[in-house]
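Here's the structure we're looking at; comments come further down.
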Amino acid sequence: MEKLMVLWESTSIPHFEPGQLIMMAVGLILLYLAIVKKFEPLLLLPIGFGALLTNIPLAGFSEVGGLLYFLYKAGIAETPLFPLLIFMGVGAMTDFGALIANPRMLLLGAAAQFGIFATLFGAILLNGLPGFNFTLQDASAIAIIGGADGPTAIFLASKLAPELLGAIAVAAYSYMALVPIIQPPIMKALTTPEERKIEMKQLRVVSKREKIIFPIAVIILTMLFLPAATPLVGMFCFGNLLKESGVVDRLSDTVQNSLINTVTIFLGLAVGSKLSSEAFLTVETLGILALGAVAFSIGTAAGVIMAKVLNRFSTENINPLIGAAGVSAVPMAARVVNKVGLEANPHNFLLMHAMGPNVAGVLGSAVAAGILLALVG
Amino acid sequence: MAEQLTEAALLLGVGMAVVFAFLVLLIGGIQVIAAYVRAFPGESAEQNNTTNTPASPSTTELRPDLVAAISAAVHAHRHTNK
Amino acid sequence: MEKLMVLWESTSIPHFEPGQLIMMAVGLILLYLAIVKKFEPLLLLPIGFGALLTNIPLAGFSEVGGLLYFLYKAGIAETPLFPLLIFMGVGAMTDFGALIANPRMLLLGAAAQFGIFATLFGAILLNGLPGFNFTLQDASAIAIIGGADGPTAIFLASKLAPELLGAIAVAAYSYMALVPIIQPPIMKALTTPEERKIEMKQLRVVSKREKIIFPIAVIILTMLFLPAATPLVGMFCFGNLLKESGVVDRLSDTVQNSLINTVTIFLGLAVGSKLSSEAFLTVETLGILALGAVAFSIGTAAGVIMAKVLNRFSTENINPLIGAAGVSAVPMAARVVNKVGLEANPHNFLLMHAMGPNVAGVLGSAVAAGILLALVG
Amino acid sequence: MAEQLTEAALLLGVGMAVVFAFLVLLIGGIQVIAAYVRAFPGESAEQNNTTNTPASPSTTELRPDLVAAISAAVHAHRHTNK
Amino acid sequence: MEKLMVLWESTSIPHFEPGQLIMMAVGLILLYLAIVKKFEPLLLLPIGFGALLTNIPLAGFSEVGGLLYFLYKAGIAETPLFPLLIFMGVGAMTDFGALIANPRMLLLGAAAQFGIFATLFGAILLNGLPGFNFTLQDASAIAIIGGADGPTAIFLASKLAPELLGAIAVAAYSYMALVPIIQPPIMKALTTPEERKIEMKQLRVVSKREKIIFPIAVIILTMLFLPAATPLVGMFCFGNLLKESGVVDRLSDTVQNSLINTVTIFLGLAVGSKLSSEAFLTVETLGILALGAVAFSIGTAAGVIMAKVLNRFSTENINPLIGAAGVSAVPMAARVVNKVGLEANPHNFLLMHAMGPNVAGVLGSAVAAGILLALVG
Amino acid sequence: MAEQLTEAALLLGVGMAVVFAFLVLLIGGIQVIAAYVRAFPGESAEQNNTTNTPASPSTTELRPDLVAAISAAVHAHRHTNK
């Protein structure tokens, strides 16, 4: 009978706290979004499963010796190994051709970062409400959700506000998945049908050498002027150079496949382990979710408005829709631009033109993360 | 909170200024690269040739198994037409 | 001349102890079994090579700073990273379709675990002989060999009896390779030719959604009732969900290939490093080998008998041979069932029917490991 | 040792009981899932359609290189038959 | 304004030291050599990029918590994990067939190691010049450059002279890339046109079993007589056995592809992190570069002379050119032999014959590293 | 430095001697292996057969899609020749 008592005590049931049950439900919702709704499944499926595992009483996944504890410590806390390796992989999958062909697109990528800095201001304003007490560090980590870039958000949150990391990562990936729902109304509200119909000149061909020199130039400029941004920008450019150099195809291939896949799984599980009830079930999480939506919306609007300004002062036509791609969320935002463009003008294929601001937005938010790290870190 | 708000406003201004400054700098960088590549195109062409030769099977040449298939097809056809 | 003395002293020859020579012979035998006899070569080849390396005097593979020391510490001792990642990979390679189509097969997977618990009793009985002094922890770690599942055995041994880990892992993989020799006589002794001829109804088609929900249901039930089993069952279900969800095929692909292959090499070398003469050349190792054979045999017999009972009380015919597949050893045990079935009835293909108890056996032994961990850990 | 044996016997009983209890529970779980899927089949069909579309080249459509091979074969044959 | 000052202080510009700028130029030169000149790009591209990253003020790549610090510590300093895993991968890509067919080629691989030991003597001689103060450990680590084998050089340098590791690795890979320029003049100076025209008998077919037993025999002999060489030789033979055994093709495939590629990137970045200005911008680095060239040249000459001696005392013809392949630098040195041979005799294909001394040179330098480790380590 | 030079000279001598001794030993090892394999060749042949069977598609057999291409080509050709 004593063994049976031990056994009963060793089930979870007498140990569950209500918060853990709610968090397991959150994990299941993330799995549902990932599998059925296909919301960024590469990350949200592992995060959701990690959330399930970490909230089991007695299983010890997130205690010393546990698998998730180890992954979080080795890959995020001690060194931001996982987000940087993912960024390297994303760099190796990115083609900067469209941006090199039309470098002014960088201005759109810059404008869209207004979403980040405006949200930072908004997060401090939220402190006026009861229950919110964000430090400037917290506010910066939350605001980076507006960068629409998962590894950047995880990297910055791990440095500035580790206790908010779980909520920030979930918000970042969820809103990236919601780009097709969030962006179109804003894009349509800020443009006239005529503007949306504007066709753009075909991009010039970019030579192999330009593509090779580009990542080297980016890292050198970053090193000189924004060293705090070099971990992110450096690994991104390294991955891109592996791809574009053409001399290490076998390395580039591994970086784009087995390495990024392995790290994605580990990163997702590790992030999931931060979805404990104490950390997640707070009013601050609601604030983070709200601020994330605000950040995305402001970034989209700022990109579109910047594109309208550019169009006015440019000799060549610029369709203002492509400004929305400046938030990054590669390549989904560019596809949304293309879709909204086609609705206005069935002969207007904006995809390639939107790739320029799209990859510019990746650089822009990595730069913004570097600035925040330098100023409030 | 007033102090924090001032800080946040300052970050908003400085942050956007630096982001724009940096990316404008990058526009200049890209234009310099493009000018450089246009100024010294010879090496580029040569390099393009070597780096553009992929290891993957060329699509314009018929692969050996396809050639075998073709000759088998033609051969089979002749016999049936006799 | 002094340099020559230093040189002579730096050869292994004046430092060899007899035990190390014997262990190197053991390593060579494992290589022979792996390469020539094709006994579970994926694990036994690295284990055999690790055994060679760890027994070299002066080479320091298993001392601080040595490669095998590092692999064992990082991947098994501090966190059971390697066995859990392998389990994830196995999960991603497992198709639960046959089990979902015929869930009663779980009873066969349950029955076969009798091999584990009976052997636990037997190990304590062995303490009556001179030279044996197994604790309840040791006995549990040995008994899990009867689960016929390598990563489960390594996981449990690393928790309950690390000093026996080498012998237990070698025994587990050796007996898994011997399944085609150990099982058929037992299967034939317990069944009549008529029983072995029984044909079974074709399995129903299982929908994609059932396959997706299944691993989630398994992990939730495990979390509620057997949290101690969640590391194993959780990573197994996670791997299976990566595969079945259909939305993260690139992750599933990496988990099934480069990740599991890399970890298999590391795990094998790390396990081999535990084959030192002090740990392995003991009378206890003989006991472990004997108990392992007993465990396999009892498990096979229990599975077959359970299948006979089921056949009696079931409206549909059940061929008792498929009970033998309940010990797991996927997919070898199922193939053995198919082969013995074909001998009795050349038109009787039992392979798909045996896959049900086969994968049920994997869950069964992971559950048994959880119970042992909860009760004696 | 007697005490250890009692412990081991207890583990044998409790262990097998829990293994059976747990796997029987799982049988129930599978049946509930099957019932649920049978009760709401519509979404399933839709989902099956989307998830069953593989990225791999379809085997029923002829691939472009094969089409090229065919036309080359036909073309070559015509010339030889003239 | 204060924020602007913080911002200016947070750029690299007020913090750069001249040495860091020079080292960044060194990094760019390495990238140029790798990408444009295709000098061993698999290693020199990551090393060059690592050199860029590590010399950025304030970025902290090589400080506690930094990515490169972590990679160096985990993969080289605490355990020579990265060089050993690369050696395992190289082993899995090596075919010993040509060597087994003509085992006397091992004598050429032995002779070429004279480059190592003569350079060791030369390094101590250099101490006569002002500014040089090499210990015997330093001298040994430098001399191993003559082994023309990157992982071996990194392995030994990490043990004997970690502060010289960056310069030694860069020298080793640079000279390996320069083999087609360094070797031919030496080869031609030491041979007559008639000797270069010598054709060699076709090699016998080597059976699968010989190829399987060979790595096992090598590791056993190494274990007995040179345990200090077992880390390198052991992992090399393990990789080779994975390949030749034919029973673990999926492991061999991963070792030759995703695993070695991943580790190559990590190793390159970690080595690059040792290219700091304090460590690299010393007169000793110039000495290392000079000694490396000497080592390669002496090794080449010794191999050719040994081949001439063998040719005199052998019943079968031996083309002395193949002795040059004994320095290893697989497979470049063998290709150079083939090319120089074809110049003298357009019908003389020496590639297969040169593969024997080529792979013998890998074993030879690993053995030499073991001797140095045993005697001065 | 004189002492270091003596040490280095000694290392040079001992090192080369050991390298040669070890690799000569290995020559002997290879010859023993070759003799062993020659003495017991039967098992070798059997093993060669099993390990030499590759999993890769045989190049002598026409693959199904090629066969389909051929028949399509022949079929198409017949129609055009009518």
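Letters A, B, C, D, E and F name the chains as they come in the text, with residue numbers starting at 1 for each one.
As a working rule, a contact is a pair of C-beta atoms (placed from the backbone, for glycine too) under 8 Å apart; a residue touches a chain by one contact, two chains touch by 3 or more.
Every value quoted in this text rests on a predicted model; they were computed, and no experiment measured them.
J.: Counting one step per pair of touching chains, how few steps separate chain A from chain F?
T.: Step count on the best path from chain A to chain F: 2.
J.: Taking all residue numbers used at the chain C/chain E interface, answer same if over half belong to both copies and different if under half do.
T.: different
J.: In terms of CA centroid distance, which chain is the most far removed from chain B?
T.: C
J.: Which chain's mean C-alpha position is the greatest distance from chain F's?
T.: Relative to chain F, the chain with the farthest C-alpha centre is A.
J.: Taking each chain's centre as the mean of its CA atoms, how far is chain A from chain D in angstrom?
T.: Distance between chain centres, rounded to whole Å: 32 Å.
J.: Any idea how many Å lie between the Cα centroids of chain A and chain C?
T.: Distance between chain centres, rounded to whole Å: 41 Å.
J.: For chain D versus chain E, what separation do you get between their C-alpha means, in angstrom?
T.: Their C-alpha centroids are separated by 47 Å.
J.: Taking each chain's centre as the mean of its CA atoms, how far is chain B from chain F in angstrom?
T.: 37
J.: Can you tell me which residues of chain D touch two or more of the remaining chains?
T.: Touching at least two other chains: 11, 14, 18, 47, 66, 69-70, 73, 77.
J.: For chain C, jot down the residues that touch at least 2 other chains.
T.: Residues 3, 7, 225-226, 246-247, 257-258, 371, 375 of chain C touch two or more partner chains.
J.: Taking the complex as given, what residues does chain E use to touch chain A?
T.: Touch residues, chain E against chain A: 3, 6-7, 10-13, 24, 28, 31, 34-35, 38, 41-42, 45-46, 49, 52-53, 56-59, 61, 65-67, 69-70, 257-258, 261-262, 264-265.
J.: Using the touch rule from the top, collect the residues of chain A that touch chain B in their complex.
T.: Listed in rising order, the residues of chain A that touch chain B are 99-100, 103-104, 106-107, 109-110, 113-114, 116-118, 120-121, 123-125, 127-128, 136, 139-140, 207-210, 213-214, 217-218, 221, 225-226, 246-247, 249, 360, 363-364, 367-368, 371-372, 375-376.
J.: Can you tell me which positions in chain D touch chain C when the two form their complex?
T.: Counting only chain D, the residues touching chain C are 1, 4-5, 7-9, 11-12, 14-16, 18-20, 22-27, 29-31, 33-34, 36-37, 43-44, 47-48, 51-52, 55.
J.: Applying the document's contact rule, which stretches of chain E touch chain C when the two form their complex?
T.: Within the complex, chain E contacts chain C at residues 78-81, 84, 212, 216, 219-220, 223-228, 230-231, 234-235, 238, 241-242, 245-248, 250-251, 253-255, 257-259, 371, 374-375.
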